[in-house]
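For reference, chains read A, B, C, D and E in written order, and residue numbers begin at 1 within each chain.
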Amino acid sequence: MTFGVPRWTLILAAVGALFIVLPIVGMTLRVDWSRFGALVTSEAAVAALLLSLRTAAMSTVLCLVFGVPMALALARSRFPGQRLVRAVVLLPLVLPPVVGGIALLSTFGRRGLLGETFEVLGIQIAFSTTAVVLAQTFVALPFLVLSVEATLRASGARFEAVAATLGATPGTVFRRVTLPLVLPGLVAGAVLAFARALGEFGATLTFAGSLQGVTRTLPLEIYLQRETDADAAVALALLLVAVALIVMVATHRPRGLS
Amino acid sequence: MTLELAAVMRRRGLEVAFTVSPGETVALLGSNGAGKSTVVELCAGLLRPDSGRATLDGQVLFDLAAGGAGGGGAVRPDTFLPPHARRTVLLAQEPLLFPHLSVRDNVAFGPRSAGESRAASRRLADEWLSAAEVSELADRRPGRLSGGQAQRVAVARALAASPRLLLLDEPMTALDVTAVPAQRRLLHRVLFDRSVILVTHDPLDALALADRVIVLQGGRIIEEGPTRAVFAHPQTEFTRALTFGLDLSAGPAMPGGGPDSAPIIGV
Amino acid sequence: AGTAGATPGTDNAAGQGETLTVFAAASLTETFTELADRFEEANPGVTVALNFAGSADLVTQIREGAPADVFAAADRSNMVQLSRDGLVDGSPAVFATNTLMIAVPADNPARITSFADLAAPGVDVVVCAPQVPCGAALPALEAAAGVTLAPVSEENAVTDVLGKVTSGQADAGLVYVTDVASAGDSVLGIPVPEADQAVNEYPIAVVAGSERARLGASFARFVTGATGQNVLGAAGFGAP
Amino acid sequence: MTFGVPRWTLILAAVGALFIVLPIVGMTLRVDWSRFGALVTSEAAVAALLLSLRTAAMSTVLCLVFGVPMALALARSRFPGQRLVRAVVLLPLVLPPVVGGIALLSTFGRRGLLGETFEVLGIQIAFSTTAVVLAQTFVALPFLVLSVEATLRASGARFEAVAATLGATPGTVFRRVTLPLVLPGLVAGAVLAFARALGEFGATLTFAGSLQGVTRTLPLEIYLQRETDADAAVALALLLVAVALIVMVATHRPRGLS
Amino acid sequence: MTLELAAVMRRRGLEVAFTVSPGETVALLGSNGAGKSTVVELCAGLLRPDSGRATLDGQVLFDLAAGGAGGGGAVRPDTFLPPHARRTVLLAQEPLLFPHLSVRDNVAFGPRSAGESRAASRRLADEWLSAAEVSELADRRPGRLSGGQAQRVAVARALAASPRLLLLDEPMTALDVTAVPAQRRLLHRVLFDRSVILVTHDPLDALALADRVIVLQGGRIIEEGPTRAVFAHPQTEFTRALTFGLDLSAGPAMPGGGPDSAPIIGV
């Protein structure tokens, strides 16, 4: 039972939900259903969808591998300049599309800070699927870090202290106490990161390029379709929305600690 | 397993120094806010003193110069052993059972962390659960326990970790009256050959379980000595109030003792 | 040009304090900003509000009822789409042309000298996708030159092609002559002789239902007229 | 003190942080500092920045007004279809730019679901500053809802129950217990929403257009500058990054419950 | 302020029915997991029974048909008064002080919610804090209290809310031995003219404070009656164990009674 939900808040909540739901419904109503099947099963659409799913999944894994430690460092330790680091980590959220791509080019591009190092090592990032994954990871990482950090802070460190007094090493505490306790936040963060990676557009376009089957993800395909056929673009957008919805409904199950 | 401790923690107004001999059980007494929990948390490594030194069996638990954390010019570098490396176990004042683990896995946590196999840890856990008379709760999640049940499981979890130094902060809280004698018997059996610091408000617990008592007040030790001696000749107001109505003429108070050996407390 | 606070669609008294809303392709940002200033000078009391976006974006916006008076597109097909919906007043006039050119980074790492060099193995070439104006002309160009390219990326906009070249990410790209001109010395332009086989045309028209159709028509004439052609020519655009 | 941070996680955290920091640094190195001052103080840049700050602030307020009740409803009550509602509320995260704008036009545009109703009422939304605020709210709302919902779930309802047994009405519980307890999450969510609104591009361009001083926010100005002068675009992007950083460092101070 | 309660809650194996008369203090006794906390949480409105009916002073607290939550065909609609409308106050087994409010504001929370002005609530809070002998903690945050200090503040907060029905779940937990008599005196003074349900494991608390006891076991009432009568002639094993060693020949046990009036407990 809950005791802190005044009734007037429900009205505001309903208005807020409608504000998001209506445009999605409105978009659905614009779809030309007679052509929908053909549009979303075209070779280009299928290739883009598959590429999107593959790259978004890989980005999500990268986000988990690097994002969870980042959240842990931000939530559980203190170091000079911590607030600045947190703010910088969140910056990809604010970068408009294109600018993120320019930033990535300046570092991982052929003439970027690290580009020559990579070139020497024989790693070719330019115009490859790797570039897409990097772009998506860049924009999705903040989502994961944020979710996990918030959950870590809220769950507090008391159980970790108890585990340590019972003889558990930091590794054991991390594996058997911290991770299971923040699992809801972790799953939520991973779903968000996946969703954000799935919708990534600007950085991919600028950094990775747009070639069918290699770098042209579904958002890029949508954008391109729009040049000639707005209906096709809306149909593809609906496909993207449907995929995102399925993933979210299937996995996003945040739970409290009670 | 000798504990030698001297510590100053200004934020809590604490300044203490004492020793616990191998196999000895020391009861930590004192009024609310006297610093009892602070002392055991310092021993466990959950708190860092401003300065002081503690060794367990010769191993340094902490050794901090008065200059403050990481003080500059000290020749001897500061040492602070993290809790997991101390092989001390703390039963805190709140049960704090891991909410995501079953009761059995909570109790098996200590043995598992000490490197026991999964099966062996579970067997150990079941033994301790049965010693604490809560075997039937083994498969529950902590969220579905009553207050006293949670406390019993927390005791079992602390005992199962079989530490060099056991730190018990009010282990009898929330236990029902039929459980207290059994719990006291259990502790007596377990504490027998270990070094233990036992925080309690109940003089009977001290009498039944402790070889020696240390009385804290405002963060300082105000009285110290063998249990029966301190209780027979209380030197401070606190111990007088504590032992007020406690009849020490009878034989040593032992778990399971009959009514004739029973001391008396005033209401 | 676009003064802060100007509200599109406000119907002020004719002549004094009139605001003309011009929707123009993003690639016309520089030239149309200057043209708007000149037009305001020539017509005191008139304010020109400029809305720049990709041509397809602008078509969507006008279809959705955006308060546009004049539409200047970067290619014919977007204008055709709009007139098919009956949203164009009269017939569009072509006010500029543009042709493709090879752009390479200033140091020309792949040593490109001709269109045929682009097909060499190991050369990363970036072009526009066939769906967008700058890519639509490509097949004609390829046919004329007898060379088939294997681009590493088919971009959505010519800006993206140029971006890849200026950043050195690509060895070469096919962009408009005007893009090479505006990019300054960060890229090197290499003319393609066959480019005049695939000329891109920029049409302008008054939007149907505009309440300032006469003023709009006069702006369109201004752009196709001498002043307009001077400004556009200076930016590298070809005459219609 | 903390006991669940194994040392190897710090290495991963550092790599992850570098992955975000380096591109931002790389971008900074690309700026032509001799022209920077002139570029960011041009009339167009200043107008765009002011418009961005104004609209992002308004969107953040709207997000708070509607988002907090939504988070409360999602975290504290149960209703049929809850998971679907949560997933739908997150959809603006996944929509590529432009598609969000199309969705908004389909509802609030002149020909949209509600457009005619508004027209009759004499309200013109599309292509006005109001449209910018709506577009930004649309994309930023999920951030606020998510942050606040996660904090609500993690903080649990126990204190709310205690407050109710002490005689506090739902309104009082909300004001005196729930809100103060989730304040860190609320501030974090508001900062995120503000940042996202500040960076909004696609939906604004399509739904609101790009008129200087009216709808041309800083990201749109960056996009336009890039057409003619890539250096100017990078300089403006750096301005945006700086503004976002200042806001985040100044306000983002998440704290645990302990 | 008569409480009439009959409730079934299957998940907790509970089925009870009893009455508390105006001004009466009823002690709820029973072993760990017997259902004591469940009963008081049902009264407070924190738990919803499967079925049953409760009234306080004639006002319906809940009235739920056996058909289950929102059962279809029932003529009488289900009623469930939310906690804030019940004017009952629960002191739960854990202190649960609001972490974001000072100790004073924690205690002032009840009066504020009842519509008192800020100044009046604070004055009231200070009075109750001094009655609980923790005035010096008024400006602290709960995170900086010791276990016993937090418990005392929680008691003050519950009493300050001046409810029609007071529900106290182990109010003496974690209190030091010098504080117990004072706390008992405080409760005795406060409980005097109120309807109270007091959960405790200490027979002395029951003797000192309760007019009547109800003994729970496995979710059922197994014994019930005036305190002295039940303790003098225990009918069940639990009450026998509880009163074992308790000497009831002396006069009524009263707070502050001297050693001559002291009952005895066995270890």
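Convention: a residue touches a chain if its C-beta (ideal position, glycine included) is under 8 Å from a C-beta of that chain, and two chains touch if they have at least 3 such contacts.
For reference, the UniProt names are B, E = ATP-binding cassette domain-containing protein.
Values in this document were obtained by computation on a predicted structure and should not be read as measured data.
Under the touch definition stated at the top, chain C and chain D share these contacting partners: A. A comparison of the A-B and A-E interfaces places the larger number of contacting C-beta pairs at A-B. Here the spacing of chain B and chain C, counted between their Cα centres, is 80 Å. The mean-CA centres of chain D and chain E are about 48 angstrom from one another, to the nearest whole unit. Centroid to centroid, with C-alpha atoms defining each point, chain A and chain C lie 34 Å apart. In chain A, the residues that touch at least two other chains are 1, 3, 102, 106, 158, 161, 163-164, 168-170, 173, 177, 223, 226, 230, 257-258. Those residues of chain B in touch with two or more other chains are numbered 46, 82-84. Multi-chain contact residues of chain C (touching two or more other chains) are listed as 60, 163. Pairs of chains meeting the touch criterion: A-B, A-C, A-D, A-E, B-D, B-E, C-D, D-E.
Residues 1, 3 of chain A touch chain E in their complex.
Interface residues of chain B, counted against chain A in their complex, comprise 44-46, 82-84, 87-90, 92, 96, 98-101, 109-110, 112-114, 143, 157-158, 161, 163. The touching residues of chain A, counted against chain B in their complex, run 158-159, 161-170, 172-173, 176-177, 180-181, 183, 257-258. Chain contact summary for the complex, chain A toward chain D: residues 1-7, 9-13, 15-17, 19-27, 29-30, 65-70, 72-73, 75-77, 83-100, 102-104, 106-108, 112-114, 137-138, 141-142, 145-147, 149-151, 153-158, 160-161, 163-164, 168-171, 173-174, 177-178, 184-185, 188, 192, 195-196, 198-202, 218-219, 222-223, 226, 230, 233-234, 237, 240-241, 244-245, 248-249, 252-258. Interface residues of chain D facing chain C in the complex, by the touch rule stated above, are 47, 98, 102, 105, 109-112, 115, 124, 126-128, 205-206, 209-216, 223-224, 226-230.
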